[in-house]
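Multiple structures are listed underneath, in C-alpha cells.
Here come two complexes built around subunit A, the first alongside subunit B, the second alongside subunit C.
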Partner chain A sequence: MKKVKVKKYKPGKLKRRENLMGYVFVLPWLIGILGLVLYPLIQSFNFSLNNIIMLPSGRVMQFIGIDNYTRIFLKDPTFILDLKSYITETIIAVPVIVAFALIIAMLLNGKIRGRGFFRMIFFLPVIIASGPVMTQLVDQDAATIPMLNLTMIQQMLNQYLPGFLAEGISSIFSNMITLLWYSGVQILIFLAALQKIDTSLYEAAKIDGGSAWECFWKITLPTIKPMLLLNAVYTVISLSNNDQNSLITLIYTTMLSATGGYGYASAMAWCYSIIVTVIVAVFALIIMGRKDIYERRAKKYRREVKKQERLARKIRKRGLKNEQRNAKKAA
Partner chain B sequence: MNSVTQKKQRNKLPSYKGAWKDKTKKFIFGSKEKEGAGKQIVVYILLISIGFVYLYPLLYMISKSFMPLNDLLDTSINWLPSKFYLDNYRQALKSMNYAKALKDSIIIAGVPTLVNIIVCAFVGYGFARYEFKGKKLMLGLLIFSFIIPPQATMMPTYVFYNDIGLLNSLKAFIIPALLGQGLKAQIFILIYYQFFRQVPQALIEAAKIDGAGHFKSFFRIAIPSAGPAILVVFLFSIVWYWNESYLTQLYVVGAFAKSSSWTSLIVSLKTFETSYNTSRAAAGSSMVDINESIKMAGTMLSILPLLIMYLIFQRQFVESVDRTGITGE
Partner chain C sequence: MRKKKLVSLMLVAALGMSMLSGCGKDEKDTNTNPTPTPSSSNQGDNQGDNQGDNDQQNASGLPAMTTDQITLTYMHFDSENLVKEVAAAFMDKYPNIKVETMAYVADGEYNNTLLNLINTGETPDCFMILGNCDFALSNAVLGDMTQYWENDPENQNILSTINTAKLGYYGTDKKLATPMKFFPDAIYCDLNVFETLNLEAPNTEWKWDEMVAAIKAATNTTAGTYGFNQFHSLVTYYPVANDPNCIGEFGWDGKEYHMENWAKGVNTWAELLNGKYHAPFGDTDEMEAWTGDRTMWAAYSGKLGFQIDAFWTYLNLFDTPEYRQRGMEWVPYTTPLSESGATFGVLDFGGISTSTEHPREAYELLKWMGWGVEGWKTKLKALKDVETYKEAPLYKQSMPCPITLDEAIWEEFQQSFFPTAQTRKYESVYNPIDEEPQVTAEEDTKYGKYFDAFFKNCKKPVPFGDCQIPGFSNFLSTSYFAVGETPGVEDQVRLEGKDANDFVDQLQQKGKEANQAALDQAKLAYGHLNPPVELNY
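Take a look at the complex of A and B:
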C-alpha cells in the first residue's frame, strides 16, 4: 500500500478570493457554534466550579473549586447509582441493537416480497417514539414482549451470572421493545449499505466455494464496517439523549431544585458528557481498531516483501564480497 | 408430438435412487443458484414475528384506548373491547385542550423547521462549494457538537436566554435555528453537504459566466435542484421538533410558568395525569377517574398527527437514508 503523493492543487488568486465567500456562507453557523456551543460549554465548566445562589436581585456565584465534583462522587448516592446502571445498560444495549439491526437488514436484503411494507413497520418507531410516549407505554407494561416468561429468565440469569451482568441482561429482556424501537434508523442505514455491496463479489466467492457464513464474515462485514461504527455511535448518542434516561432526568431536576442549583447540575452534566464521550470512543476503538482479514493479510504480505528484499540485499552483498575475494585471490 | 414426449421425459429425468429425496432437500434448503422454499419461509416467519413485536405497543395502545372501564377490569377481555367506546377520547381531548395544543405543536415544530431548511442549506452549500482555510476543523467541530450531550450546555444557555429575555417564547427555538444550531441541525447540514457536493460544478460555473453572483447561483441553481434533500430535512426536522419534550418544556413552555401561553401535544402528554386531574376537579362528576384507557387515548391522540404524516410520506421517510448519501459514494 504505497501512498501516492498527489501534488497539492493550489488555487489561483481569483479562486482564492472566491473561496472567501465560503466564510460568508458558513458565518451563521460559525457564530452559532461559538456562541451557543463552545461558549456555554466553557461557561458550564465555570458554573460547575461555583456555588450558584439565586437571589431576588440576581445570581450570586461563589467560587468553591472542585467541591461540586467531590459532592457528586462522595456524598450524593443517586448520581453514582444511576451512572452505574446507565453504563452497564448502554454497554450491553448498543451491541444488541446494532446486531439486531444488522440481522433485520440482512433478512430484508434478500428477495423479499413486501420489503417496502416491512421497512415501513421497522421505521415507524422512529416517528412516534418520543420520551413521554415511551413513558406511558412502559408504565402500561406494553414494552415487554408478550408471552415471554420474564421471571424465569431473570431467575436463570441470577443463578448463572454475576450480579451486575444479570441485572443488565434482564433489563434488556424487560425492555426488549424499547430497545427494538430504537433501532429503526440503524436498520435503514445497514440496508442501504448492504444494497450497495457489489453482487459480483458474492458470485466470485460462491464460485470459489465459499459458504454463506464465510461470505458474511469475509465480504459483508468488512464492507459495512464504517456503517457499523456510524450505527454504534448513533445508538450511543440516541440512548444517552433520550428522556427514558434517568441521568438526564436527574440533571434536569437538580438544576431546578433547591438543594442542587445550576452549579451542581453543571458538574453533573460535565461528568455525564465526559462519560458519554468515553463510551463513544471505546466503541469506535473496538470497531475501527480491529483489523479485518484483508488488512491483516496485506500487512503480512508487506512484511513478507520486506523480508525478501532484505534477503536479496544480503545475497547481493555476499555476492559482492565473494567477487572481491575472488578478485583478490586472482591477483 | 415429439417435443411433448421429450418434455415428459425431461420431467421424469431424475430417476436414480433417492432422487425424490434430493429434490425435496433442494426445495427446502435451496441450492447454490436458488434459495430454498424452507429458508424463505423461515425468513418470512421471522420478519412477521419481529414486525408483530414492533407493532405490539401500538396495537396494544389502540385496543386499550377503546375499552370502557368494565373491559379493563374484566380479565377475559384481552384485545377486542366489548363495544366501540369513544368516551375515553372525548375526555382526553377535553383535558389536553387538544385544539390549542395541536395548533401550538404545529407552530412550535413548523417555524423552526422552516428556518432549519433554509439556514442548513446555506451552511451546507458553503461547506460543499468552497474550499477555504479551516474547513476540516469546522467539519470536525460540527461532528463534535453532535456528540456532546445537550445537557452540558443546557444550564448556561438557559441562563443566557433568561438574561436576554428569550425564554418562554418561540424565539428560544428560532434563534438557535437561525444560527445553524437547531435541534440536530448538524445532521441536516451534513445531509445538505453531501447533496450539494453532487451538484455538478459546471452548472454553477455556467451560471457564473452568465453573470450570476454567489447568492444568485445558490438561490437559483442549488436550491431548486435540492428538492429531495429539502424534503428529507423537512420531514425529520418536524418529527424531531414535535417529539422534543425537554427543551420545549424548558425554553418555550417554561418550567416555572404554570399558566404559560405555549403548550405542545408532547408536553401536555407528559403532564397528562396532573392536567387531567385538575380539569376533572373543575368539571365535577361529568368526568370519570383517570384510568389506563384514558391515558392510552391521550397517548394515541398526541402521536396521531405524526402517524397520519407518516402514512402519507412513508416512502420519502424510508428512502431518506438512501438519499442522504450517508453510506458513502
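Take a look at the complex of A and C:
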C-alpha cells in the first residue's frame, strides 16, 4: 500500500505574526524569571546547605549538608509554632477573602448607581494600603473593626473550639479589615469573569423558571470556577508574602541573628515555600477536583457515545469480515 | 494598526528594560569572591601598613591622618542634613578626604541594607548599626579599633559608662563599636497634675522607691488621674537602678545576667499594672471611660502623673503650644539613679568596617559623626541654624545629646534648646514654627532646675541589651517573649499571677547560652578574616 505523505500544516503570515507578538509579550516575564528569579532561587538553595558568613571582604560558605533543615524541625521550636499558626490562619482566611470578593464583585456587577465609584473604592486599598502603609495601619490598630469586642469573641472561641482553631479564627476577627483590604484584586478578577458570562444563559434559565439562587449555583459558579481557583491561589500567595506574616518576619530576623544567618534563613525560606506550594495544591484539588453534576453527566454521556461508536465500529468490522469469509467460501 | 504595534513593542521593550535596570553593576569590585582580600581586618595592629610615610604618632597619641587623596563612605540613619553639615566640616579640615554619606531610614530594613551593601562589595568605610549587634558580629562587619580608641585622649572625656562598662567591646578584648547617638530616657512628670493633687513634685535625684511612691501618689481615683504610662518598660529600669554592677538589661554585668533584680522589677511592674496605677491602654473601653476618646494617648489627657518616654518627646510634643495650652507642664526626670549614679539611656552604635582601606581616617570620620568635640561644634552650629532649616529645624528632628562631656558643648547644647536655672551664656534658639523663642524666661524659672538636674544626672547611661549584649535578641525571641501559644514571661507574671523569681534560674541559663553561642559565632567569623582577628572572651 502506498504511503500517503501528509503535508505539514504551515501557519499563515498573520498567524505567525500573532505568535511572534505573543512571545514578545511573554519575553519580559521570561527574562525576569531567568535573570532575576532563577539564579537567586538556585543560590538560596545553595545557601540553605551552607553556614554563611557575610564578611565585608567576601562571602565565606561552609558546606553543612542538611543540618540547617534538621535544625529547623528538630531543634528550633519557633519555626514550627509559627508555621502551625500560619497554616491555620491561611486555611481559614482564604475562603473568607474569596467569598467576600465574590459577593462584592456580584454586587458591583449589578446595575447600581455610582458603580464605577464603588469599584474604585474597593480597589483603592490595593494601591494605597500596601507595604509600609499596611504596617503603619496595623501598628495603629486600624486592622480591626473598632466596635468588635475581640476579648469576648476570643473567650467564646476558646470555650468551644480547640486551641489552634480558636486562635486561627480569632486572628481572622482581629485582622478583619486587613483581610477585606486584601480583596481588591480578587474582586477585579471576579468582576471580569462575571462580565464574560453570556447573559442569554440567564435569560434561558429564567424562562425555564430558574430563580436567582439557582442561576448562581448552576450558571454563575460553574462558569467562574477557573477564576475561583485563580483567586484562591492569588490569595494564598498574597497572604504568604506580606509584611504582616509572622513567618516572613521570623525568616528576616533569623537572617540577622547571631546564630542564624543567610544559610539558616534560606533553609527556612525553602521549607516555607514548599508549605505554601502544598497549600496552593490543596486548594487547587478542592476547587478543581470536584466537578459539578452537569459536568459529570455530560462526561458520562460523552463516554456512552464513545462506547456506542466503538461497538458500532466493531459490529461493522465483524460484518465486513463475515462478508469476506463468505465470499471466499463461495469462491 | 502599524502605529499600535509599534507602541506595543515599545511598551514591551520599556518593561523589559525597567525589569533589568536593577541588574547594573558598577566598576567597583563586587567582592562576591569567597577569598578575602588582603586589606581586610587591617585595623588596629596593622594600621601602619596602610599609612606609609604618614604612620607617625601625632600629638594626640593617634597615627597621623593620610595626605593622599581618598574617599570615605559613611552610612547612617541620622538626620541627613546634619550629617552633611558635619561631613562638609570634616572635608574642610581634611581637604584631601572626600566624604560620601549614605542616609537610610531607621527601620527594620536598615541592617539588612548594610548586609546587602556588604554582599555587593559596597561596604561603607564606617557606619551606624541599628539596635541588634548580632548580625554585625556574626558577619565580622565591625573592624577592630582598639588601638585608636585607647590611644585617643578625647575618649577619656565622654559619657563615663562607655569606658567603665566597656560598651562596644561586646565582652571581648576588642573595641569593635562605640555609641554614636545618645538619648537619655526620660520619665516626664506633669507638674500641673502634682499641683492639682496638692502634691510636691518628687526629688530630681530620686531612687527607685521614691519613683514608685510618686507613681502611687499621682494615682487618684477621685481626681481621675493615673500614675504612669510607659513607652519603655519599668522592667528594664529596675536592675539599672538597683544593681551598681549592672551595665545592661536584665542585670547584665558584662559576662552574665543577674536576674534576681529583673525579677523584682517584673513583680513591681505587674503590681503597678494590676493595681491600676498604669493609665488605660489605647483603644480600650477603659480609655474611653477615662478620657471620652478611645484612641487618646494617655499623655495627652492632662490627667497623667508620669509619662515614660523618649528624650525627643519633649521638643517634638510636650513643649509645643498644643500641649502647653492644655495646661500640661511636662518636665523630664532621669530614670531612678543607682548607687553608682547610672541611669538608663538609648545608645545607637557605629563602627568602622573590617574591609576599609583607611581605618585611621574612617575612625576619625566616625568620631566626628558621633562623639568628637569638633563634630559636635559643627552639629550645634547646624542645629541652631533656624534660617536655613526654618521649615523643619534640625533640632526638632530627634536631636540626640552630646556624648562628649566637654562642658562648653553641654552648656551650649542645653541653653540653646532647653530651660536652665543657671545664668545663661547662650540664648535660646528662635523657634521658627511657633514663631517665639524656644525657651522663654518664664520657662527658665519654672522648669530650669528640672532640666539642670536631668542633664547632670543622665551622663552615666546604661543602654538596651540588644545593642551591646551578643545573643540578647535571640535569647528574647526564643526564651522570653511569647512562643506559639505560650505567653511571654512578663505576661505570665502579670496576667497569670506567676512569680518572676521562679523564672530566674532558667532564664539566666538560657541567656548565658545565647550569649556564648553568639560570641562563638563572632569568633568563628573574625577567624575568617585575612589576617584573622582573634576575639578573646
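The working rule: the second predicted complex is superposed on the first by the 263 of 331 C-alpha atoms of A that agree within 3 Å, B and C clash if a C-alpha of one lies under 4 Å from a C-alpha of the other, contacts with A are read in each partner's own complex, and residues count from 1 in each chain.
The rule is simple: a residue touches a chain if its C-beta (ideal position, glycine included) is under 8 Å from a C-beta of that chain, and two chains touch if they have at least 3 such contacts.
Computed from a predicted model, the values in this text were never measured in an experiment.
**Q** If you stack the two complexes on chain A, which partner ends up touching A:Ser85: first (subunit B), second (subunit C), both, or neither?
**A** second
**Q** In the overlaid three-chain picture, which partner chain does A:Asp67 touch, first (subunit B) or second (subunit C), both, or neither?
**A** A:Asp67 contacts neither subunit B nor subunit C.
**Q** Between subunit B (first) and subunit C (second), which does A:Ser266 come into contact with in this model arrangement: first, second, both, or neither?
**A** Once the two structures are laid over each other on A, A:Ser266 reaches subunit B alone.
**Q** Go through the superposed model and pick first if A:Pro77 touches only subunit B, second if only subunit C, both, or neither.
**A** Touch status of A:Pro77: second partner only.
**Q** With both complexes overlaid on chain A, does A:Pro28 touch subunit B (first), subunit C (second), both or neither?
**A** both
**Q** State whether A:Asn19 touches subunit B only (first), subunit C only (second), both chains, or neither.
**A** Only subunit B is touched by A:Asn19; subunit C is not.
**Q** Between subunit B (first) and subunit C (second), which, if any, makes contact with A:Tyr252: first, second, both or neither?
**A** So A:Tyr252 meets both subunit B and subunit C here.
**Q** Given the touch rule stated above, what does A:Gly110 touch, subunit B (first), subunit C (second), both, or neither?
**A** In the superposition, A:Gly110 contacts subunit B only.
**Q** After superposing on the shared chain, does subunit C or subunit B touch more subunit A residues?
**A** Here the partner covering more residues of subunit A is B.
**Q** Quick one: classify A:Met54 as touching subunit B (first), subunit C (second), both or neither.
**A** Only subunit C; A:Met54 stays clear of subunit B.
**Q** Would you mind listing the overlap between the subunit B footprint and the subunit C footprint on subunit A?
**A** 21, 24-25, 28, 31-32, 35-36, 59, 146, 252, 255-256
**Q** Give the list of subunit B residues in touch with subunit A in this complex.
**A** Residues of subunit B touching subunit A: 32, 35, 40, 43-44, 46-47, 50-51, 53-58, 60-61, 64, 119, 122-123, 125-127, 129-132, 135, 138, 141-142, 145-160, 176, 178-181, 189, 214, 218, 239, 242-246, 250, 255-256, 266-267, 269-270, 272, 292, 295-296, 298-299, 302-303, 306-307, 309-310, 314-315, 317-318, 321-322, 326-328.
**Q** Which residues of subunit A touch subunit B in their complex?
**A** Contacts found on subunit A: 11, 18-26, 28-33, 35-37, 39-41, 43-44, 47, 59, 104, 107-108, 110-112, 116, 118-133, 135-137, 139-140, 142-143, 145-146, 176-177, 180-181, 185, 188-189, 191-193, 196, 206, 226-227, 230, 233, 237, 240-241, 243, 248, 251-252, 255-256, 262, 265-266, 269-270, 272-273, 276-277, 280.
**Q** Of all residues in subunit A, which touch subunit C in the complex?
**A** Subunit A reaches subunit C through residues 21, 24-25, 27-28, 31-32, 35-36, 53-61, 76-78, 81-82, 84-85, 141, 146, 163, 167, 252-253, 255-261.
**Q** Okay, in this complex, where on subunit C does subunit A touch?
**A** Those residues of subunit C that touch subunit A are 5, 8-9, 12, 15-16, 19-20, 22-23, 31-37, 39-41, 108, 111-112, 115, 118-119, 123, 132, 134-135, 137-141, 282-283, 294, 353-355, 470-471, 473-474, 477-478, 483-485, 514, 517-518, 521-522, 524-525, 528-530.
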